[in-house]
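Paired with chain B in one complex and with chain C in the other, chain A is shared by the two complexes that follow.
Then we have the complex of A and B:
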């Protein structure tokens, strides 16, 4: 099959943007899985950073093939999620949010002060191996899997504990196990996104995984809504495409992003795409 | 050497405590996590800079004026953003998001308007003289910081403890609905709390600006991360805890920078935060609160 010339041009011009749509979609899903069980865990940027750094090091220093690097990039984030998961499961709400932001900042300071990973300058010359089809098939698989989980009894349990964790526990749901599973899933998704991002941009630096990206990822999910897995992805696409349309006004771009978040939370508490999943009666 | 480091640490800690006090006040009373709070810090510093640079005011006048202006900005922003959220079930999360969006917008507008460069107070804003007591140097700027933080903290404590307004604020923190039923004007008291917290942030910004003589729009953001550390370690909404934890953080940062590595001072601060969250999530001085359905 040959790609028509105009489409080829289009893809070439907007390649980075198209890749960003996929990667941000994966990040929005990483946020969705923890919000779906009612946990305000903001460690996604930290997981993304671990995936990006470990993936980049495996490619650059050990020259592993990308087919191995990509799954291996999930190892460090998952280990980190397990390490922080057990103690932070005791926290909730605001405390969990701040603890996870704090952990992300600790990691960022480690990257900055560790010369092996390039210090404050970051890593340069990562091989560009992330292909469009990889990014979007991973996003598609993740979306499908989360849809199926959401429609199953697990999905019902997740929704129950999001609405009222105490009541859910009283109904026999092991809330802590769900929370840990959600955190690990989030780590896998964010680790994949980080590794794909690193192998797409050929350059990573500590600042990309700090406080600001952490809250940007949260805004994807909140703008879209968390009633179904497609909503946060739509939110991510909206917030990724919007600044692109205002390329000529770079100073106003961030300001407008901020205003949109404000308006969305004030006037659309369920998100832009807030409908809930349809389920058959049990 | 150690004595000098301790003094520098106490000075830095005093501004952290001042900043965290306003942050914990607004959380304790209004139950919102106000991320725009860091912006009031930057705003206070820039207003004082404008007053000294363009209008040629003395810093002794610019400090209180900048503080009041920052408080007024806080009243304006908070009454735009927060009242709508107060009665939502997820008020904490929503306030986090709304103020996050707002602060993103505020910082980028400020940067677009004033530029990202570091600015300095005009030379001679504050005398460069220093006095030496027992081998410890104290500059005039540091003396002002110490004095101003002490006066502001003491004034706030006295206000909370001995006045009817303080009583109303404490009642509002305890139970907003009941406070309203007892005849307290809840919206007006909330605005006063916004003003007080914004003024504390603004004063902190001016003092930190004087201490390091470097002012730029995003200065409030790195301060916010320290504010988080202080209010969690001290216990959220606990003003005495914020004072102790703020002072301790300043001393620890200065000692880490002096004896280990200046690059590690943030990592140390956050490591403390994480350890406290794991062992005492209610804060060092807080009481555990049971969970209710």
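Then we have the complex of A and C:
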């Protein structure tokens, strides 16, 4: 198959943007799975950082093949999710949000003060191994799996505990177990996204995994909505493409994200793409 | 045989004893009621029985098993279902989905079977939908299966809560003020429904404010006052017991109940 010249040019020019669409889509799904069970857990940037750093180290120091690096990049985020998940199970709402952001900041200062991972300068020279097809295959598989899970007893349980955790528990739903499962799934998705991002950018630094990206990831889901798993991905794509269209004004990008969050919360409580997942009533 | 017993069941909040050393005994089968004035501890008692709040002291034995330390979802899986005084439906879901959610403890498909849509998953979902439709038919809401839950009338929302609790075929159904806010016709229909549920073999325990309703329906009545169980007996005994009449019902309501004696079949 030959790729026409103009398409080749286009792909080459926009490769980073196209990769970002896939990676941000995975991060939006990482946000979705915790919001879908009613948990305002904002550790996705921290999970992403752990996936990025552990993946980059496995590639650079141990020279593992990428096929092993990618799944192994989920290990550290999952362990971190279990470590923070158990003690924070009893928290909810804004308390959980503060606790998870705080834990993310702890990790960020660890990276900054640890010379082995490059300190504040970060890691340079990560092999560029993330391919477009890998990123979008993973996004597609994750999206499909979340749709299928959503349309089952698990999806009903998730929506039930999001609406009323007490009533859900009285219906026999193990709310805490689902919270933990959602957090671990979130860690896997964000860890993959982090590792893919590290292996496509060749350079990572602590600042990419702090408070600002945590809020950006939240804005994907707030803008898109959480009625179905495609909505936060659409939100992520919107927010990834928007600054690209306003290239001349990069400095207002974060401010724009903030404005969008405020507008979405005020006027679009269900998000831009807020239709609810249809469940076939057989 | 007793299906549910409590022994010295106590729940203290700071400066308040909501449930105080209650020894309750609910026989298997039939309809039983807990009555008491506002603040007597009826809803706290239900929350203790279903694991929504942990007891400060005391034991709860359900079907021979100690359950006081089990979390709410485990008790539901053992066969204790409930409705709530302030209706707690999943309002974004359809009527049918609400009932399907009640099936959760009876479904066992794992994530793998779910993602790959294995025959086991498909068969189980089909059965779940059939059970949910049967439960909706039991409460008379089959025609509204695909409506949104929050579009239902108040009385229908109460019925939907009962269907959601009933669909998992519980051994004990706890109804927290099921007649609250219902008009006389709805209350009469509710009485019939509760009788049919009990006739199907589910033990029903209800907390009620509407004396008339409880007297005509229940085999045994337990009276709570200030968190203490002050009397347990048949409706006739409760009505005539001077301790209950004097200490709890009050002279005016007692006279009213006597006037209705003999025709107390729930409106």
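Note that the second predicted complex is superposed on the first by the 278 of 282 C-alpha atoms of A that agree within 3 Å, B and C clash if a C-alpha of one lies under 4 Å from a C-alpha of the other, contacts with A are read in each partner's own complex, and residues count from 1 in each chain.
Note that in this section contacts are C-beta pairs under 8 Å (C-beta built on N, C-alpha and C of every residue); 3 or more make two chains touch, one makes a residue touch a chain.
Source: prediction; values computed, not measured.
Student: Of chain B and chain C, which one touches more residues of chain A?
Tutor: Counting contacted residues of chain A, the larger count belongs to B.
Student: So, does A:91 touch the first partner chain B, the second partner chain C, both, or neither?
Tutor: first
Student: Please work out whether A:164 is in contact with chain B alone, chain C alone, both, or neither, and reply first, second, both or neither.
Tutor: Both chain B and chain C are touched by A:164.
Student: In the superposed arrangement, does A:99 touch chain B (first), chain C (second), both or neither?
Tutor: first
Student: Looking at A:257, would you say it contacts chain B, chain C, both, or neither? Reply first, second, both or neither.
Tutor: In the superposed model, A:257 contacts chain B only, not chain C.
Student: If you stack the two complexes on chain A, which partner ends up touching A:172: first (chain B), second (chain C), both, or neither?
Tutor: The answer is second: A:172 touches chain C but not chain B.
Student: Of the partners chain B and chain C, which touch A:152 in the superposed model: first, second, both, neither?
Tutor: Only chain C is touched by A:152; chain B is not.
Student: Go through the superposed model and pick first if A:61 touches only chain B, second if only chain C, both, or neither.
Tutor: It touches nothing on chain B or chain C.
Student: Between chain B (first) and chain C (second), which does A:218 come into contact with in this model arrangement: first, second, both, or neither?
Tutor: First partner only.
Student: In the superposed view, which residues of chain A touch chain B and also chain C?
Tutor: 164, 166-167
Student: Show which residues of chain B lie in contact with chain A when the two form their complex.
Tutor: 33, 81, 84-85, 88, 90, 92-94, 96-98, 100-109, 111-112, 221, 225, 228-229, 232, 236, 261, 263-264, 266-267, 270-271, 273-274, 277-278, 281, 291-293
Student: Which residues of chain A touch chain B in their complex?
Tutor: 40, 87-88, 90-95, 97-99, 101-103, 105-106, 109-110, 112-113, 164, 166-167, 211, 215, 218-219, 222, 251-262, 264-266, 269
Student: What part of chain C is in contact with chain A in the complex they form?
Tutor: 50-52, 71-73, 76-77, 81-82, 84, 88-94, 96-97, 100-105, 107, 109, 111, 114-115, 117, 121, 125-126, 128-129, 145-146, 164, 168
Student: For chain A, which residues count as touching chain C in their complex?
Tutor: Residue positions touching the partner: 145, 148-149, 152-154, 156-157, 159-160, 163-164, 166-176, 276, 279, 281-282.
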